[in-house]
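You will see chain A twice below: alongside chain B first, and alongside chain C after that.
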Partner chain A sequence: MAWYIDQGPDSDVMISSRVRLARNLEQYAFPHRMDAQTARQAADEIVKAFFQDDAERKRHYLLVDLDSLSFEDRLALAEKRLISEDLAKAGDGSFHRAMISRDESVSIMINEEDHIRIQSMQAGLNLEQAYDAAKQVAAILERELPVASHDKYGYLTACPTNTGTGMRASVMAHLPGLAMAGRIKDTVDGLIKLGFAVRGHYGEHSKSQGNLFQISNQLTLGISEEDLINDLKRMLQQLIEQERGVRRELYRRQPLLLEDRVMRAFATLKSARLMTHEEATELLSTVRLGMALGLLPNLQPADVNRIYALIGPASIQKAHGQAMSPAERDSARATVVRDLLEPSGA
Partner chain B sequence: MLCERCQQQEATIHLTQTRQGEMTEHHFCDSCARELGIGHSITDYFGTIGNLFGSGLLGGGSAFNHTGGIPAFGAAVPRNIACPKCGQTFEKFRHTGLFGCSQCYTAFADLLDPVFRRVQGNTRHLGRKHAPSEAQLQAERLTARLNELKQSLQLAVAEEDYEQAARLRDEIRQIKQAGTQPDEGGET
Partner chain C sequence: MAWYIDQGPDSDVMISSRVRLARNLEQYAFPHRMDAQTARQAADEIVKAFFQDDAERKRHYLLVDLDSLSFEDRLALAEKRLISEDLAKAGDGSFHRAMISRDESVSIMINEEDHIRIQSMQAGLNLEQAYDAAKQVAAILERELPVASHDKYGYLTACPTNTGTGMRASVMAHLPGLAMAGRIKDTVDGLIKLGFAVRGHYGEHSKSQGNLFQISNQLTLGISEEDLINDLKRMLQQLIEQERGVRRELYRRQPLLLEDRVMRAFATLKSARLMTHEEATELLSTVRLGMALGLLPNLQPADVNRIYALIGPASIQKAHGQAMSPAERDSARATVVRDLLEPSGA
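This part shows the complex of A and B:
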C-alpha cells in the first residue's frame, strides 16, 4: 500500500521507508549524454522489457509519460514521492517516463540520472520489504535487458556515489522530540559521523520542514545490500528509542505546556481558513507528536501522513485544476486539511 | 578507550557494522576516522552541500554538487584520456562528477581506485552479483564463437585450404549480421 495510507512498524517516529536501486543499459550512454533519439529508444526498450505481454503487470502498473504532463502535475507526483524532484523539474522532450504501481508502492523512473531508477516505498520502518519489492522489479528488468555491470565495480551508474549496489535505502523520520530538546544538530552530526546522509523532507537540496528528516546510507560500494540495510536499521532503532525517550521526558516535565501546544495545533488545523504549506507542516508535526503521546486517541498516523501527501503546492494546484494565486492555494489547502481531519471527529 | 588504529588518542567514533552477517565493532579517534573517510558527509542537516572530498582538492569551476568532487591527481596522470565509446574525457568526468557511459569505467580503470577510495572508502563491489540477461549471454556466446571461427580461418589460410576458408568467412559474416540485428547499438 502507499506509504501515506498504510500504517507500518514504528510509525510513531518513522513515516516511511524507501529503497532505490539504480540500473543502466550497457549499450547506451548515460542519460546526461544521450540525444533525444537514443533516449526514446532506451525508454521504449525499458518499458517493453518490463511489461512484455504480462497482462497482470499491465493492470498493476501505470505508464506515465512525464513529458506530456504539466510541470505542476509532475511536481504533484514528486510531492507524493512517486518520482524524484529532479525528474519532476527536468525539461520536456527528454523521454522521461515512470511506471508507477497502482498502489503507489513501487515506481520505476526512466532516464533520470540513470536509465533506470527503481523505487519502493513502505509505511513505517520496513526497509526489508521495500528492498524485496525493488529487488523483484530489478530481477525482471535484468533478465530482459543488458544491464551494465562490472566484476570489480558491480552495477555501473552515472555517478560514482551510486556505483556498486546502486542502492540508496532511506527513511523519513519525524523527530519533534529531539528538535524541542535542542538536540537535532548533535543527532544529525552523529549520524553523519557514522556514515549516514541526512536531508530535508523532499530529499536532496531541500530544507527540513516540520521536523522531518530523510536519513539514508551514504556508501554503495564494498558492502552488500543486506549488510547496508542492517547497519541502517540498527542505527534507526537506537534513534527511535532516543526520540521516544525525549518525548516521554518532555511530556513528564511539562505536560500542560505540551498538551496546550498539541491542542492548539490541532484546533488551528481544523479551523484555519488560510494556511501556507510551511505552517501546515509545522502544525502537523505537533499533532503527530500529540498523537504518539496518546493525546489525540481518535487520530491515526495515516490520517496525518495522507495530509502530508496532499498539501504540497503542486498537489493543491492539481486538485483545483487551474492556475491559482498563492492566497487561493492557501485557502484551498486550509479546506483540504479541514476536510481530511473532520471524519476522525477527534 | 583508545583508538584501535593509532592506539594513542581517545576513541570518539564508535562504529557497529555487519559484514557478511558478522557484527563487528570499531573505535577510532577523530583524526584516524577522518583519514579513513568515516565521518565525511555529503550534506549537512540543512541540506546544504558539504564537500565530501575535503578542501583544496578541486579546482574552481567544478559542477560537482550533490556528489562533492573528484580528487585532483598529480601532473603525471593523463587527464585528457577519453572513453572510446562515448568520447567523454577523464577531465570532464572530474568536473561533472558523472561518467558518460558504462564503458568509461573500463576506459578510466587505472585512474578510478583513488576516486572510489575517496568517494566510497572502497574499491570493490561486495553486494549482489548481476546475472547476465539472456541477450548478454547470447552475445557472449556469439563473440566466443566468432573468435573460434577467426582462429580457424587464419589456420585455413595459412594451410592454403581456401575452400575451408571461404566457408568460415561466410559463417563469420552470417554471425556478424545476426549479431547486429537485435542490438541496434552495433558490435561492442
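This part shows the complex of A and C:
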C-alpha cells in the first residue's frame, strides 16, 4: 500500500521507510552523457525487460511517459514521492519513464541520474520490507539486462557516492518533541557524526518543515545491504525512544500547554478557508504530536499522512485541473484539508 | 433584561446602551468629603427612600453591601458593568452600597463619586428605554429625598463636568470594520471634534480591546436630557451606517480572507485549552463581525455578549471560588468559552 494510506510500525515517529537501488546498463554511457537516441534505446530495453510478457506485472504496474506529462503533473508525482524532484523538474525529450505500481509502493525511474532507480516505500519503520520489494524488482531486471558492476566495488553508478550497493535506505522521521525541546540541532549533528545523512522534508536542498527529517545511510561501499539497513534501524530505534521520551516529558510538565496547541492546530485545519503549504505542514506536525499523546483518539496517523501527500502546490493544482494563483491554491488547499479531516468524524 | 442576555436594535454594531444619572443629597457633603458617620447616614436614607415599603421593588432589587464583598466579587460585578470599576476598587468601610435589579438592567450605586448614581443598561442601541428606566428611579428618589440642584445650572454633582443634567448617555460600539480598514483614528478624532467622548472597553483609562469603543456625550450643562440623547443617537446612526458600509466593502473585496479569519477565530474559541482575556476579546470581535456578515448563522449576538460579560479575570476567579494563578485563569477561561459556545450547536 502507499506510504500515505497505510500505517506501519512506530508510526508515531516514523512516517515512512524507503529503499532506493541504483542500477546501470553496462553497454550505455550514464544518463548525463547519453544522446537522445541512446536514451530511448535504454528506456525501451528496461521497460521491455521489466514487463516481458508477465501479465500480472502488466496489471500491477503503470508505465508513465514522463516526457508527455505536464510540469505540474510531474511535480504532483514528486509530491507523492513516486518520482524524484530532479526527475520532475528535468526537461522533456530525454526519454524519462517511470513504472509505478498501482498501490504506489514501488516505482522504477528510468534515465534519472542512473539508468534505473528502483524505489520502494513502506509506511512507518519498515526498511526490511521496503528492501525486499526493491531487491525483487532488481533481480527481475538483472536477470534480463547486463547491469554494470565491478568485482571489487559492486554496482557502478553515475555518481561515485552510490557505487557499491547502489542503495540508499531512508526514513521520514517526525521529531516535534526534540524540536520543541530545542534539541534538534544536537540530534542532527549526532546523526551526521555517526555517518548518516539528514535532510528536511522536501529533498536535498530544503530545510525542515513541520519537524520532518529524512534520515538515510551515507555509506554504500564495502558493506552489505543488510548490514546497512541494520545499522540504520538500530540507530532509528534509539532515536524513536529519544523522541518518545521527550514528548512524554513535555506533556508531563505542561499538559495544558500541549493540549492547547494540539486542539488549536486541529481546529484551525478543520476550519481555515486559506492555508499555505508551510502552515498546513506545521499544523499537521502539531496534530500528529497530539495523536501520539492520545489527545485525538478519533484520528489515525494515516489520516494525516494522506493530507501530507495531497497538499503540495502541484497536487492542489492537479486536482483543480487549471492554472491557479497562489491565493486560489491556498483556498483549494484549505478545502482539501477540511474535506480530508471531515469523514474521520474526529 | 441584562445587556449581555438580551439582543437589542442594531446589535450588529451596538452592543449596549447605557444612561447614568448623578444625584446628590442636599444636606450632606459630596462623598469624597464625607466622614464615615455621614456616609452611613446617607446610604441608609437612600436605601430606605428607594425601597420604602414597596413590595414589588423589594422583590425586584437586590441590596448589595459592597463593603462586605471580597475585592474579587466587586470586580466581577464591575466586569458585568453593574457597578463602576472605581467603586469596585474603593476600600472597605466607606458605606458603599448598590441596589441592583434582578434582571441586571438597572443599578443604583450609593456613595460612589456622587451620593447616588443611577445606571440603566439596554442591549443594542436603545438609549430612550435606558433613559426612561433611569428617570423613573430618579423620580422615586427625588420624591423622597432633598436632592441638590440649582435653579440655573440644574443638578449639582461632585465633579463639575457632570453638573446640569447629571447625565451621561453612552453606548458600547463594536467597530471591527473601521478598524480593519485603518479608519479608527479618523473616526474617533471626528467624534471627539463633534463633542463626544470615546474610550476603550474597560472604562476611562484603558485602550480599546477587541475593537470595542465606549462613546458618550460630553456636555451636561445647558441642554436637556432628551436633546442630548437625540444628538448622540443621530451621530450613532451615521456611525452604524459607516461601519456597515466598510464591512460590506471589505467582504466584497476579500470574501475568503474574511471567512478565513472568522472561521479560524470561531474554531479557536471552541477548542483552545488556554486563553488570555485579551485574546478572547480579539477573537470574539472577529466572530461578531462574522455573525454580522452572515457567516455564522447559528450564532446570536447575545451568545457572544454573554461571553464578554463572563470572562474577565474577576468573573473567572469568582466562578471558580478560590485563588487562581494566571495560567489557571487562562485554563478556566478557555473552558467557560467552550461551554458557552457549545449549547448553541453552532
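Just so it is clear, the second predicted complex is superposed on the first by the 346 of 346 C-alpha atoms of A that agree within 3 Å, B and C clash if a C-alpha of one lies under 4 Å from a C-alpha of the other, contacts with A are read in each partner's own complex, and residues count from 1 in each chain.
Quick note on the criterion: a residue touches a chain if its C-beta (ideal position, glycine included) is under 8 Å from a C-beta of that chain, and two chains touch if they have at least 3 such contacts.
A quick note: this is a predicted structure, and the numbers were derived from the prediction, not measured.
Trainee: On the superposed three-chain arrangement, identify whether chain B or chain C touches more chain A residues.
Mentor: Of the two chains, more chain A residues are contacted by B.
Trainee: First (chain B), second (chain C), both or neither: which does A:Lys193 touch?
Mentor: first
Trainee: Please work out whether A:Ala327 is in contact with chain B alone, chain C alone, both, or neither, and reply first, second, both or neither.
Mentor: second
Trainee: On the A-aligned overlay, A:Glu128 touches which partner chain: chain B = first, chain C = second, or both, or neither?
Mentor: After superposition on chain A, A:Glu128 lies in contact with neither partner.
Trainee: Is A:Glu72 in contact with chain B, with chain C, with both, or with neither (first, second, both, neither)?
Mentor: Touch partners of A:Glu72: none, neither chain B nor chain C.
Trainee: Quick one: classify A:Glu259 as touching chain B (first), chain C (second), both or neither.
Mentor: Second partner only, chain C.
Trainee: Between chain B and chain C, whom does A:Glu282 touch in the aligned arrangement: first, second, both, or neither?
Mentor: neither
Trainee: Does the superposition put A:Lys270 against chain B (first), chain C (second), both, or neither?
Mentor: second
Trainee: Determine, under the contact definition given at the top, whether A:Gly154 touches first (chain B), second (chain C), both, or neither.
Mentor: In the superposed model, A:Gly154 contacts chain B only, not chain C.
Trainee: Which residues form the common part of the chain A surface touched by chain B and by chain C?
Mentor: Dual-contact residues (chain A): none.
Trainee: Taking the touch rule as given, give the residues of chain C at its contact with chain A in the complex, in rising order.
Mentor: Checking each residue of chain C against chain A gives 256-257, 259-260, 263-264, 266-268, 270-274, 327, 331, 334.
Trainee: If we count contacts the way the header does, which residues on chain B are in touch with chain A in the complex?
Mentor: 13, 15-21, 33, 38-39, 41-47, 49, 52, 66-68, 70, 85-86, 88, 96-102, 105-106, 112, 115-116, 119-136, 139, 183-185, 188
Trainee: Chain B touches which residues of chain A in the complex?
Mentor: Going through chain A, the ones touching chain B are 24, 26-30, 32-33, 41, 113, 135, 142-150, 152-161, 163-165, 167, 184-185, 188-189, 192-195, 197-200, 204-208, 213, 218-228, 230-231, 234.
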